[in-house]
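Some structures to go through are shown next.
Presented sequentially are two complexes of chain A, the first with chain B as partner and the second with chain C.
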Partner chain A sequence: MLSYVIRRLAVAVPTLLAVALLCFLLVHLMPGDPAQAIAGEKATARDVEKVRKQFGLDRPLALQFVEYLRKAVLEGDLGRSWRTRQPVGSELRRTMPATIELATAAMLLATLIGVGAGVLAAVRRGRWWDQVTMIGALAGVSVPVFFLGMLLLMAFGRIFPGGGRTDPAALYELPTQFVLLDALLARRWDMLRDGLAHLVLPACALGTIPMAIIARMTRAALLEVLGKDFVRTARAKGLAEQVVVLRHALRNALIPVLTTVGLQFGSLLAGAVLTETVFGWPGIGSYVVDAIARRDVIALQGGILVIATVFVLINLTVDCLYAVADPRIRLG
Partner chain B sequence: MKTRLLAAVLALAGLLAAVAATLPAARAEGDGAKTLLYGRGADSANLDPHDIDDGESVKVCNQIYEGLVTYAEDGPAIVPCLATAWKVDAQGTRWEFSLRPGVRFHDGTPCDAAAVAFNFARILDEKHPHRYDAKFPYGSMYTGIAECVAADAATVVFQLKTPSAVFLANLAMFSAYIVSPTALASAGEDFPFHPVGTGPFKFERWDRDEKIVLAANADWWGGKPKLDRVVFRKIAENSVRFQLLRDGQLHIMDGINLADLETLASDPKLSLLSVPGMNFAYLAMNTTREPFNDPLVRKAVAHAVDRDKIRKLALRGVGTFGPNPLPPTVWGYAKEVADYEYNPSMARDYLKQAGKESGLKLKLWAMPNPRPYMPEPKKVAQILQADLKEVGIEVTIHSPEWQAYLDALRHGEHELAIMGWITDNGDPDNFLYPLLDPDNAVLGSALNISFYNNPEVHKLILQAQGQLDAEKRLALYQRAQQILREDTPILPLAYLPEFAATAKSVKGYKPHPIGLVRLAGVTLE
Partner chain C sequence: MDRRTLRAFRRSPSGLIGLAVVVLFLAIAAADLRLAPHPPGKVSGDAARLAPAAGRWFGTDDLGRDMLSRVVAGARISLSIGVLSVALAVLAGVPLGLIAGYFGGIPDLLISRAVDVVLAFPGILLAMALIFVLGPSTANLALAVAAVNLPAYVRQVRAETLSLREMEFVAASRALGASSGHLLFRVLLPNCLSPILVLATLGIGTAILEAAALGFVGLGIEAGTPEWGTMLAENRALFREAPWTVIAPGAAVSLTVLGFNLLGDGLRDSLDPRGKRG
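Right after this comes the complex of A and B.
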């Protein structure tokens, strides 16, 4: 098992290096001069040249890349954002927890409701509940997140606050940058309520698509298992239907569902951009989008690198979990 | 099985309902302390006034800092602020300012002549030890200052290299705000995140990409503000921000979609505020490229475009238009210059005279995203396209991403492009010099993107910069605008108002023509 993990890790390192190089090139080859973008819309030629020198943009690209990589790998220093003047590392330590908190809430909601609805649909296959859930799931997959977010705000904006992670007038301390965790650690129940209330609408918006995918996946997987011989045997033994479905069938059907959950979670961490934009959620998605719009090359490189790393790590974890579940994979 | 699942679903719904029932005061109304929530589209970049060029940073800096002079409440006239009086010598190069007595920074240190001299040393001296990484984007506006010295504790003297009529207007800008030298020296490169000034509000906290919180400065020389706190919230989408304002989660918002104006006007809980602005959108014709190196073709375009149609169809009846490259709200605006009449047959005549009556195929560059001076670039581009086709000019619309767009325009890759300008200081020079003077037509960083170069206009603009007599200065600007009307390097498309939307509970707020946000006199009822 250990050698399998080491093998997988060894593959991950060149992958990340390639990602770093690719995103460095992409960022620098985008049309639009970064020095001009930093210097601003009204800058003169002299201002632009000054900025180019000040930020080392006049050096050859290869040199800039090697220097960037050296600092990132050896010193853990991702540089300073041009726009905000803050170290990119500390900006990512702030934005990542916001995204993780939102993605986790969305995934919890999606998994609980998705699996429940999927099981009911499979058990009541072809009946009205099945039809309603699957139509709901189809709608859930199809609805644009931006539109859904606006609808939620219009419908529930007077009950649940929209915009930001906490009450704008509140000044909470956030040592871990996780609002709910910090509230629990400090035993601030008002802060916990506030954080939860702000999570409801964005988590619903973000969780809808994964919820629909999980519901469909659960239904399909459970239907397949329910047709298997061991289920017939269990029924023939006279087991209660509840035991057959929940203890025997669902357990086997959950393996593909768990894979889906893992991969969906990974993509939520990287792809909550629209939800973050609609709800003013200060996560890594909106950070990267801002960086693109302002040609904040250093911030953009750091953001993409971290998102890619998270993706690679999640894939690695899923691979390892497979290996645990199925010996053929680690020995193959 | 069924009942258990149902129970689980019901329990989840119950949990959500419980959270909803015990909600904290999420409403903007009803807070005990008077906290004003201001919604805007982006976060500030940083809060060092000498290092910023984005409007969102300026908005917050306007509450924290002050300059020696400032703009009047309703326009660009210069009025006292940290300086109570000033006088200039006969040559127009030595300016002496008397400082307001007893003013202190938020950190308790005195805002005296030494502090002012320190600030200008920082702005002027590229090797100043307290510059850090700041890039001084507006530094070039102060290069005419030879030196700034403290004559005594309450008197500051500026020696200019040449007489300057725009000196006071430039002093009123955020880029000349006075920061606390003590705070700057102790915070170092972190000063942009721990700003200390003399303004009506003190910096309290910054949750990046979410909010900036300011607290009232009880010791402000203008009297304690009526609000306890101000929170600047970032809500990127205009429509979402508007929804939050309607839901009572914001008190003031800017960046209103034109499409929302009607809803806003009919909502009894909201107020729509507007004031004629100091911005304009224009169509730039690259005078260094075919076919616009011929003034006849430029005139043809000017007469081919129906700007009233643009105003009615694309801009929902908002704004005005005219012949001059500055809006009528700016004092140098030449009223007697005749506007370009919309007259397609006249346009065809001009094209005929130029020998271009058919076969002209061009690219029309239109910015990909709305800008404050051009909220509907796509619709405007489509109207332009149709109008030009009417006179035989075929254009295809080209909208690359914003930074690439700016870059291409500065390099003069366009023939025809939509662009705009918002004034920095409300002075006519701040339109004519950057947008139409050859000094700013340097390939690669041009602001004068029609690359217009008329030595006579150049001379008039420079003369006006050094002319302290307002009447003589006005005459120079009027002459320049007449020549520009003849040469037609650009066609002004629209002069737009400044809008703001507030909850009815907000009193004492009004938008400023320059776009300044001032909250010292605002109350919440």
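Right after this comes the complex of A and C.
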């Protein structure tokens, strides 16, 4: 097991280095002078020179990269946004909890409904429920998440508030930056209700694609297992169909489903970029889109680095969990 | 495609529906402005935010531009980007996959590691970074979407090649003195075509979605171009007062992508006799 984890880590580390290199190069690949790009379009020649010195842009690229890595890894220093003049690292730490909260809610929703719908579709294979679920699943991956968000706001915008994480008039204290967690810790049920109401629509929008993929995966995996001999044996023993499906078949079908769940969690971060824009959700996705609109390259660089790193780490965790669940992988 | 496949495809209702939708949108894109009742960029202040009605079937946007004409004009843009980016990804990805799978060793290591790095980025984010650097244009949009989708083709073709390499007909060609180039492109490639076809069909749908997403965050083509994602972004603020301005382009993206997804699924089921059909 340990050797498997070490092998996976050995691949993940160079990958992370390459990710960091690409993010680092972002500034240098921009057409024109990187110092000018960081200082902004309206900067004077003196400002540009100051930036060049301050960021060490007059030094060789390799040295600059080493310095970038050292600061990012050891000090969590990702540079300063030229627009807000704030350290990007602390801005990202402030926006990250909102994204984690949204992504977790979306994933919970997607897993619960996706697995449920997939099981029902497999059990009723070929019948109308199966057809409806599979058509729904295909439609789910075909609708752009930002369009779905707008449709949800049109349909349910009167019932659920659509914008931000809480009522803007209410000033809650957020020691952990997680609205729901803080509400629970402080036993503020009004705050919990407020937070949940704001979370429903964006989580539905963001959860739709993984839900569709999980439903398809669950159905396919369960259908395969239901054809196996041990299921026939279980049925032959006279077990109730429910027990056969839920206790014997579903358990064995869950391994590929769990992998799918893990991998989808990573891609949720990308979907969050679009969902957050529609719902004015103040997370890392909104931060990145805002950085693009203002051509704030340092902020964009930091945002992409953090999202890609989290993405790699989640995939690594999923791989390791997969190995725990399935001995064929760690031994193979 | 052989007869058996065609017969299987004709029996797949979802595949046929997908084909019909795709053909419909291709026809709209081909007919282009001949179908548009008004010039898509024509601004008229006194016709702003008209609700859908006879003559203005999809209504007008904030600047009085005809939504039907803009959606029709957008079909050509979105489909071109979808097809172009998939073509680029296939042209680059297939040879890379063949080389990695057939030769193994160092070429495989280099290609596979590069693919891993690209896959380490959530797709849309990498495309955003690329366009941020390259600047927004139709060609760059297609290029960025192609780069993001390239790994899928490399991996698929590599996996196919790895198993084909061991087969007797390949060994026979090699024994007959076939060159590497002949083996790669005349012997191995034709046997990888079915999965590539399926992947490319589904890939056009994905590419159209990604291009629309890029347009939506302001990294599409020049502002004002009737690209579906850009239109959704421009009319975002209007979705309560003038919902038709977002429903028309949004439904166009969704339908086109659904069409390619249905077609791809249908092709996969009919090309793969081992495939489990529901």
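To be clear about the criterion, the second predicted complex is superposed on the first by the 282 of 332 C-alpha atoms of A that agree within 3 Å, B and C clash if a C-alpha of one lies under 4 Å from a C-alpha of the other, contacts with A are read in each partner's own complex, and residues count from 1 in each chain.
Everything below uses one rule, namely that contacts are C-beta pairs under 8 Å (C-beta built on N, C-alpha and C of every residue); 3 or more make two chains touch, one makes a residue touch a chain.
Keep in mind it's a predicted model, so treat the numbers as computed, not measured.
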First, second, both or neither for A:N252, with chain B first and chain C second: neither
Which partner, chain B or chain C, touches more chain A residues: B
Which superposed partner A:A293 touches (first chain B, second chain C, both, neither): both
Touching partner for A:Q242 - first (chain B), second (chain C), both, neither: first
Chain B versus chain C as contact partner of A:R94, first or second or both or neither: first
Touched partner set for A:T277, first chain B, second chain C, both or neither: both
Contacts of A:L171 with chain B and chain C, given as first, second, both or neither: first
First, second, both or neither for A:F160, with chain B first and chain C second: first
Which of chain B and chain C A:L26 touches, first, second, both or neither: second
First (chain B), second (chain C), both or neither touched by A:A43: first
Chain B and chain C contact sites that coincide on chain A, given as residue numbers: 30-31, 150, 153-154, 157, 277-278, 293, 295
Contact footprint of chain C on chain A as seen in their complex: 11, 14-16, 18-19, 22-23, 26, 29-31, 125-126, 130, 134-135, 138-139, 141-147, 150-151, 153-154, 157, 219-220, 223-224, 266-267, 269-270, 273-274, 277-278, 288-289, 292-293, 295, 297, 300, 304, 307-308, 311-312, 315
Contact set on chain A toward chain B in their complex: 30-33, 36-48, 50-51, 54, 80, 83-86, 91, 94-95, 112-113, 116, 119-120, 123, 149-150, 153-154, 157-165, 167-171, 190, 193-194, 196-197, 200, 241-242, 245-246, 277-280, 282, 286-287, 290, 293-295
Interfacial residue positions of chain B with respect to chain A in the complex: 1-2, 5, 8-9, 12, 16, 19-20, 22-26, 31, 33, 35, 37, 39, 42-43, 45-46, 51, 53-54, 133, 135, 137-140, 189, 192-193, 204-205, 207-211, 213, 229, 231, 233-237, 239-240, 243-244, 246-249, 400-404, 406-408, 410, 424, 434, 440, 442, 444-445, 447
Chain C residues touching chain A - in the complex, by the definition given at the top: 14, 113, 116-117, 120-125, 128-129, 132-133, 135, 205, 209, 212-213, 216-219, 229, 232, 236, 239-240, 243, 246-247, 250, 253-255, 257-258, 261-262, 265, 276, 278
